[in-house]
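Structure in structure tokens, see below.
Going by the order they are written in, the chains are A, B and C; count residues from 1 in each one.
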Amino acid sequence: MEVLKTYKLYIGGQFPRTESGRSYAVLSQSGQHIANACQGSKKDIRNAVQVARKAQASWAAKTAFNRSQIIYRIAEMLEARKGQFLEELQALGFDLKSATQEVETSIDRCVYYAGWADKYQALLGTVNPVASSHFNFSVPEAMGVVGVVACQQTAILGFISQVLPAIIGGNSVVVIANQKLPLCAITFAEVLATSDVPGGVVNILTGSVEEMLPTLSGHMDVNALSLAQLDSAILEKAQTEAVENLKRVMSYSIDFSQSTAQGLSYISDFQEIKTTWHPVEQIAGGAGGY
Amino acid sequence: MLPPRNNPDLISLLAKSPTIDQTGSIERVARIQARSLKGAAKLQGLRMALSMIDLTTLEGKDTPGKVRQLCFKAQHLHDQTSDLPKVAAVCVYPSMVGIAKKALGDSGIKVASVSTAFPSGQAPFSVKKDDTLFALENGADEIDMVISRGRFLAGDYQFVFDEIAAIKELCTSARLKVIFETGELDSLDQVRKISDLSIAAGADFIKTSTGKIQPAATFPVVLTMLGAIKDHYDRTGQMIGMKPAGGISSAKLALQHLLLVKEVLGEAWLTNEWYRFGASSLANDLLLQYQKQLTGKYQSAAYFSID
Amino acid sequence: MMSNTTWNLDPSLESTALVQIKPQYELFIDGKWQAPLSKTYFDSINPADETHLAKIAWANQADVDLAVRAARTAYTNVWSQLSGAERGKYLFRIARLMQEKARELAVLETLDGGKPIREARDVDVPLACNHFFYYAGWADKLLEAFPGQNPAALGVAGQITPWNFPLLMLAWKIAPALACGNTVVLKPAETTSLTALKFAEICQEAGLPPGVVNIVTGYGDTGAALVAHPDLDKIAFTGSTAVGKQIQKACIGTTKKLTLELGGKSANIILEDAPIDQAVEGVINAIFFNQGHVCCAGSRLFVQESIATQVLDKLKFRLQSIYVGNPLDKNTDIGAINSKKQLETIERYIQLGLEEGAEIYQPTCELPSAGYYCKPTLFTDVAQSARIVQEEIFGPVLTIQTFRTIEEVVQKANNTPYGLAAGIWTDKGARIFGVSQQLQAGVVWANTYNKFDPASPFGGYKESGFGREGGLHGLRAYLKFPN
């Protein structure tokens, strides 16, 4: 008899079951019951946001180079587990070709964002020539905790395309995985757990978007939302709740398999710009310059 | 060479000198320069400024004749206008103190003498001491000494302190003004440091410049010195006088300096007991503006005597 | 020798002869002055003496609709057809005309809003002119600004400005919008419409094509009608967080791009090694600039305990040479509170501070008998838990807290829903970078405060809003980037 895998949540670097004690059946495209996933709850969201907040500051404080290395490590681990993803995708009913394409694009996207970690600052930041004796510069900074509703059309590519630009920029995330195709997200959690991403930086919940999203979008300690392909009623409800603490809401309705689904703008979507002023002392007799 | 040795008390005194941000100081000054003086307040300011002048001649070519003419001017600023104040003092080299003392008689105008090998201060202490004693013996009411800038820049604060303290000891009844020559110092931080040091060493007045070096009494420098005076007053209740010198040749600048004093130190300093302008040509511009305020007509320099 | 001198400055009033205020102002739509379809007008008064200045048209939904249509037509037929270089030339021309009318604009701003003429003259108006100059130069360089991203104009922008810096905020809104190729409908705050209406005249004089800039005056209902208009591509709002949230809600389900610049309760932190006299002056600029009607005002002062007494003594002494009174007097430092309503709000908070047990200090100074005035006010003995420490007062009221460690003060500085600005005073460069990185604020002023520049992006974290105004980043608010 085959041992069926139990897919749990990923919170704070641990794999807890949902506190609600519920699970739901994950079906393949042909309707076959292939696994059970945790049916996450409001309290799971609460716990995840708490650990995400705790993890964020020290994650953002790591050197950009270090974050780059860690994200690249994800790509390596993803590559190592490629077979497992392919199996899961095929079990869910994807053909080998499209499964391979999704996994390989996902790996490429990890490599792509790993390279951005110590570069976006130079493109999003500026030195501003103010008309007074001050040195003035603007730098991007992480927004904080980002709530993510992962793409509901792809099993892993959309997830990665939303999560990586957020965390590469120093944010921590609480992700509600693809409701129907949650397996790869949890397998990705295993990748994270065995790479060097500190616990709490990425937290992954499976279950009902409709049930959990309001808790996330209404949470006063979540700074931003990354939403993908939600139907307008759910989206508008989330946007309305987000107003309470002025969350920055990004809603994507793009095809994540396209090359345009990666880029600097996805990083800058979750960056604040901080501008700092400081006086410049005028040295007598000196005109400056070389 | 061993580093200069400073007494621990002096080191801890100087450690308390706050740092000065130049940009902020310039902005503070700009706020005060934007003040608008009109009507009676302007007249009052011009009169105050006149009364605070140390009418100065400090030239190699100074002669008894030149000094006597200056002393006459000091007592008769513009006799065509009634009820004008007199200047506070005449400021000369030690060799001219006797001449000035006699020329000013019982006018109430003080004689100030520069000393300590003015303007460079590059002489042995024995010379500086004799220089000062000579001025005092000839009747100087006030001594304007220069500090040893080279020693200060070399970090030999104790030497500078001791020199001031020693000269102060000679000035039994005369008031001691200590000239920093801020144009030779490096930064506002140093201006603050030398202010604190000089006050602690016994300066009755602190003075920006000799008039021989540019820049001289710039507003940020003056603001920094006023800040030291204010902090000393807040700590001890003792007032110290201030004398900007060098480059203050227009009424407008003088009035701005007075507004600075009013806002930074308070009105108690707005008397020639606590505030002086070291200047040679300021008086006539003040007179010109004063006349303009009285008559409403812009004036010509030809109507105001030059001495 | 003189003694016991008192030297009081005589009044030095700026002339109002330059300024001609019409008895009645219509709406500026499609390059013309149009009587409001609402047929209603409201009064604008001078808060310095409560005298009537003008009647001003009160736009209703139909008026707003006309304005949006005019802006749409101008966008489609004219403005979007122009090259960036041509748009830039219009903006340069506007900037020049503003400079030429600088004194008139300054006096008008002071009359209408109550701010000291020194600030209107030396800060508001020059910065507003410079903002147009700055963005004029961007108009033909958008491709270089965002290489490979195909920046494109949004279309028609609805813009709502506050009463604290009427002309400057207009410049912050209109200059980048036009430079990026958008047309605009702007609604100024009801208490301060006059410089926006003067600006409309400048647009006419500059030959700006009709409909590119439309000014609809009115109260909050006019603003709400503008926000709700379906044919807008962009809403930009500066004002309170409460209204900002309403606007964010109103934009849900639309394609309107939104930027919000909202409230604040910014921390100004003095460490023991600070350049203390400049820090004290910085505190004055932080809280008493523009009567404290500044979203980024440094309204929470934090002083390290070792220097707290000294700083407080210096502040109290400094307050003696703050002149409160007639805004037209060139020596006035604190002018009139913008409106009766705002004065009541401030007074309510001062009362609340007393009820909360805080110790109050106000200098002795005489306030004018007519008009709306408030003395500069310091509150000590306050805790983070006091409402006067938590809530935006938008007036010349400073709360002063002490702290022991840097970790403690950073925590307290960030302990607020707002995140607009912060100040840090210390002589140690390494500490400046360390602390400023920790502060959750869009603008950090290190050893200075309340500095603004067209080249410098401005905007908040958290509930202080989103999006930036000024600098390269300010362009983003008025562009889309179709891939």
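Just so we're on the same page, a contact is a pair of C-beta atoms (placed from the backbone, for glycine too) under 8 Å apart; a residue touches a chain by one contact, two chains touch by 3 or more.
Since the model is a prediction, treat every value here as computed from it, not as a measurement.
Distance from each chain's C-alpha mean to the overall C-alpha mean is smallest for C.
Two chain pairs, A-C and A-B, are compared here, and A-C has more C-beta pairs in contact (counted per touch definition above).
Seen from the C-alpha centroid of chain A, the farthest chain centroid is that of B. Remark: chain B and chain C have CA centroids separated by 44 Å (rounded to whole angstrom).
Mean C-alpha position of chain A lies 36 Å from that of chain C. Remark: chain A and chain B have CA centroids separated by 67 Å (rounded to whole angstrom). Residue positions 132, 134, 279 of chain A each touch two or more of the other chains. For chain C, the set of residues that touch two or more other chains comprises 447-448.
Multi-chain contact residues of chain B (touching two or more other chains): 21, 23-24. Residues of chain A that touch chain B in their complex: 132-134, 279-282, 284. Interface of chain A with chain C (complex): residues 126, 128-132, 134, 136, 138, 141, 143, 223, 232, 236, 239-240, 243-246, 248, 260, 263, 265, 272-279. Put simply, chain B touches chain C in their complex at residues 18-21, 23-25, 27-28, 34-42, 44-45, 48, 51, 227, 234, 258, 262-263, 266-268, 270-273. Residues of chain C touching chain B in their complex: 1-3, 5-12, 118, 122, 273-278, 281-282, 310, 313, 317, 320-321, 330-331, 427, 447-448.
Listed in rising order, the residues of chain B touching chain A in the complex are 21-24, 26, 187, 215.
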